[in-house]
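Alright, structures below, take your time with them.
Okay, so chain A shows up in both of these, paired with chain B first and chain C after.
After this line comes the complex of A and B, so read on.
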């Protein structure tokens, strides 16, 4: 009997998993400058700041990341007299409980400098948080690919001292004791601060936690470095100076006096570059559609016949010929569930056999 | 859809259809690919030039240069013409399906089968001697169906010739927009149950010589030329009719959304009364031979007197 279908056997199907990576470069001018901050969105709740790749009122804008700051209630900077004190603590606690988790009493754990939570050690009490959009990170940030360049010295208006921070080596050195997945420690790549642990990167969560101490004295590089805690002149500051009557002359002052959005402005304007590779976990099923020499050589195309006679034949002994442009994948009840198109027609006749490899990605 | 880039290696552009995505979303295991079919929708075989002066290598030059469209995600838009597996490579003639308006009811002069969807329309137009199908009270009427004949339409294969079992159609798949009508047997006495209705409201019915013999799929044993549209060896006959949907019967919503109107007397249908109509196609696919035919159908509803 003639037929138009061919069954797929178990040997005609195979499932695979592939990791795809894309390089994501973010230049500092996108973060501060190119669009005169029209791509920066602040919210009335004041808890974080969103960065877009285009003025955010445009439908073309894509969300890049959110920036926020916070400190632990155990921080020496914490004080009820501070601007948005509770919000900064809330932000820190929220990020900590998601990324670090709770202890056996249910108390929120603080960010640990080296990830060794059980042993205690130095905690990151005052932090900048970079929450990257899923649009960029996809399934996760590729381990060992993250680098961020921050100007840690100078002033808001005259920034100095590039500090490159990366997760170099994290591909084979990362932690798994976070409820949010895998993470690694961030280290400066150059200058006097090499070897210091200055932050954490959570790969699946797409979140970078940087300690505010990167803007401290010990991170100065070069003989001309300016002490970031001490501005050159009284008119320079770390934040954007939007607090009436106050100038955030240094990072601790910023944490105390500036609103979160102002602190984000100060931090954002010191970002030179961010680069990482994202990862997409591609699960695929490959269907091998095999057309044997004696299969699919005729067509039901209306143009195939003229008065029921096959056009491509002169006489009955001529080989039938057909041309494949489409592969349809069907369920047992003959519903087409997937379709694949060849980029050009493929000749099929009794002298050849074809295997069309159709890959469906999920 | 754009054309696929055919300047380099052959690539395969694969997508899930809307039905595939729907089944995947259901998560009930109904997304299970178990078979495949090949198609050649873009190919115009009349471009095959068997007399090309440069020889056989050039016969299909134009066909091989045919640009191919990207995949449609609509499950009913792709694979309209399929490739067929026939083990015999010496087949010279292949069967087709043709509407038989000689032995069965003829289409209306507008070129479509016109189905009346309510009793008002049947009272108004059905008595006017036009060629209409009674879609509301069809059981009381005779000759109220569509007939398709299958076979080799070439006198070189004499009607008395027994059609090869490989080329004789035994099962037909009929697809119709479920919002408009259901398929019935030729006598309108049995409304058939759709095998499935997809996300685009396309209802699929399957009729076979085994399950629907005598009422729908019958052998065409006629070997003479009387009232036959197949010139050569004959296979089977498919006959079916329609039961208009309740929605068309009771509402003009679909007519105003998807259709048009025709005034009384002076329009192409020479109607007795101003009416709404919707034009659509009913597709019939031979499950054995893969041959497909689209039958134009018009649903007609008389406008209420103002």
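After this line comes the complex of A and C, so read on.
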């Protein structure tokens, strides 16, 4: 145990923040197919669908995301005759009030296509919501790392036309006017729809909002010329065929006549891939413990003495030598707070000076 | 909403002492943890972690690295960017960090991080830096039992020992299985051949000595009540030195078909990960079983939140007030002001047997949540009660809140 204490000055302490990331790939087959939907949990309230990375009855399963759909009461799709109409509006409002907030009258703001709420502009009135688990997003999704691939064309049974949507450029171009933190606009990466704004990603909340219009509005063959997201040939149907006996349905029809879980099934069925990086902030304080040339050259270790003489000194003029094995951090009241160990003892004598960098993570 | 400060008798720091049980069974190159076999998934033969292992973050369930199977989910992995903070993964060596990565480079690691038992077999006079590293710890514990001593001339039937040279087996138990330390008196080693218990050793004296307590007549003749090894409870290490025969036939305990050995405690757990023995024909009817309990501490914070008589009798909930139909009772707001009537009637919710007259007015609230705030009045925790608790002016309540860490 050392008997020498040295006070740390402000220049000996520095706080740092390190960002640790994880690459999270979510292949589409997890969400549809691989586990025969045994990893998909529907609830009696019917308001969202939970997705696990393994059949959820297994203790090994991790919750990875919730999927739900909703539309604004201002949407053209909204009608009291719709299936789960109030639930779809409630879902939209619930997400919007948390992610977008309220205006000065207390009314819930709608999702804005470009995030510029003040100047109005196009609103996202019919949306898919992907709410990722905190297990995956950790502190936040890394800006500029999110990409989702969905098949926007073809039929439910034979899907086609991969559309890659990402938050490209969001590392330096993101919005801060949300009560839920920072968010950015999602853009298609290729095809005729490049540059269009198709959704929003909320980084700290771990929520992705996608406009339903990427799947086209018509169920008529070859009628998608007005929709750049859907191929202009063949049949383009979104639905899973459980609406009023129809075999195939388009997105508006699903939003109107099908339950939320059916639209979620349709979305999962068309999902090819999701990939993003998460972020964990590691806060550290670094203490620079400096041993000057004339310090810490002696030890209070009992083995430092032999026959009441310093073991390493044969004559009075010999230089003292010690080996530093441990650094103790003490409070102002001399209470030991932390101990740092060296991987191997460091030789210390009057001919050298050492700076030991002690990092405390929390 | 009222704010009250916790008093000195309202905050209690405790810790719960728990004893998680673990049991490992080693059979011919396979290891089983708590009798669980590998669960095969759609893409991997063992989801989560390898059989007998425990996964730290439990990520990568049924995932494959690379794209071996079409549609298989890829691996989740951590990465860090090299910056001036000089942070890196523990598996990145200092030399590699300095030489192989420039500032701005990505340093990646991998999941899952798993742990299981690990055995190292030392034949006589073999090099053993890991055993020598334990010398100080072993000698420190020699006050508990002389069998801990690194070397001794203790006059027993073996004529003393030197752990620096003698043949021994070291079994390492990662702390994720036990917590702070292995519980004294809970360690049990059992050696079976064709389902029959041949020998059993326990630390029945709770002093780290693994004593052979039962077994076949042959094994008990050879070493009944003898010390087969020692347990380092805090370090999670079992050192087995017992060299007497447990059965009168030889087996491939060294992973060398030309050098079969008699069963002995020093070979206990052979074919465990790390010792390189693997599955062999002569080991196929033997089982080694290790069971122990850990000691794990769970710090808990208990808070007593008081709702005393004549306190917490008002609510900011809008429904606490009578429904206001009169226009002058409704708050008025404009560009510069927001004004509310100074006198608003509280709704009387006291139950009455009749619609009219109503019961006498009494202030009644229903407590549904208790918020915990720090010194700066940041909300740091919320406790909800299962059903709202009715609070009248003459009722005294104390809510006990407990948080585990």
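Worth pointing out:
Rule of thumb we're sticking to: the second predicted complex is superposed on the first by the 244 of 362 C-alpha atoms of A that agree within 3 Å, B and C clash if a C-alpha of one lies under 4 Å from a C-alpha of the other, contacts with A are read in each partner's own complex, and residues count from 1 in each chain.
Basically, contacts are C-beta pairs under 8 Å (C-beta built on N, C-alpha and C of every residue); 3 or more make two chains touch, one makes a residue touch a chain.
Not measured: the values here are computed from a predicted model.
In the superposition on chain A, contact of A:308 is made with chain B only, not with chain C. By the document's definition of touching, of the two partners only chain C reaches A:21; chain B does not.
Contact with neither chain B nor chain C is seen for A:181 once the two complexes are overlaid on the shared chain.
Of the two partner chains placed around the shared chain by superposition, chain C is the only one that A:61 touches, whereas chain B remains out of contact.
Within the superposed three-chain model, A:296 lies in touch with chain B and out of touch with chain C [touch as defined at top].
Looking at the shared chain after the overlay, A:324 reaches chain B, while chain C stays out of its contact range. Taking chain A as the reference, the larger set of touched residues comes from B, when chain B and chain C are compared.
The residues of chain A shared by its contacts with chain B and with chain C are 357. Against chain A, the residues of chain C that register as touching in their complex are 39, 41-43, 47-48, 58-59, 61-62, 71-81, 83-87.
For chain A in complex with chain C, the residues that touch the partner chain are 16-30, 33-35, 53-54, 58, 60-62, 277, 282, 284, 286, 357. Contact residues of chain A toward chain B in the complex are 1-8, 13, 285, 287, 289, 291, 294-317, 319-348, 350, 356-360. Within the complex, the chain B residues that touch chain A are 4-6, 10-17, 19-20, 23, 30-46, 48, 50, 59-60, 63-64, 66-73, 75, 78-79, 81-87, 89-96, 152-154, 156-157, 165-167, 173, 195-196, 198, 204, 231-232, 286-292.
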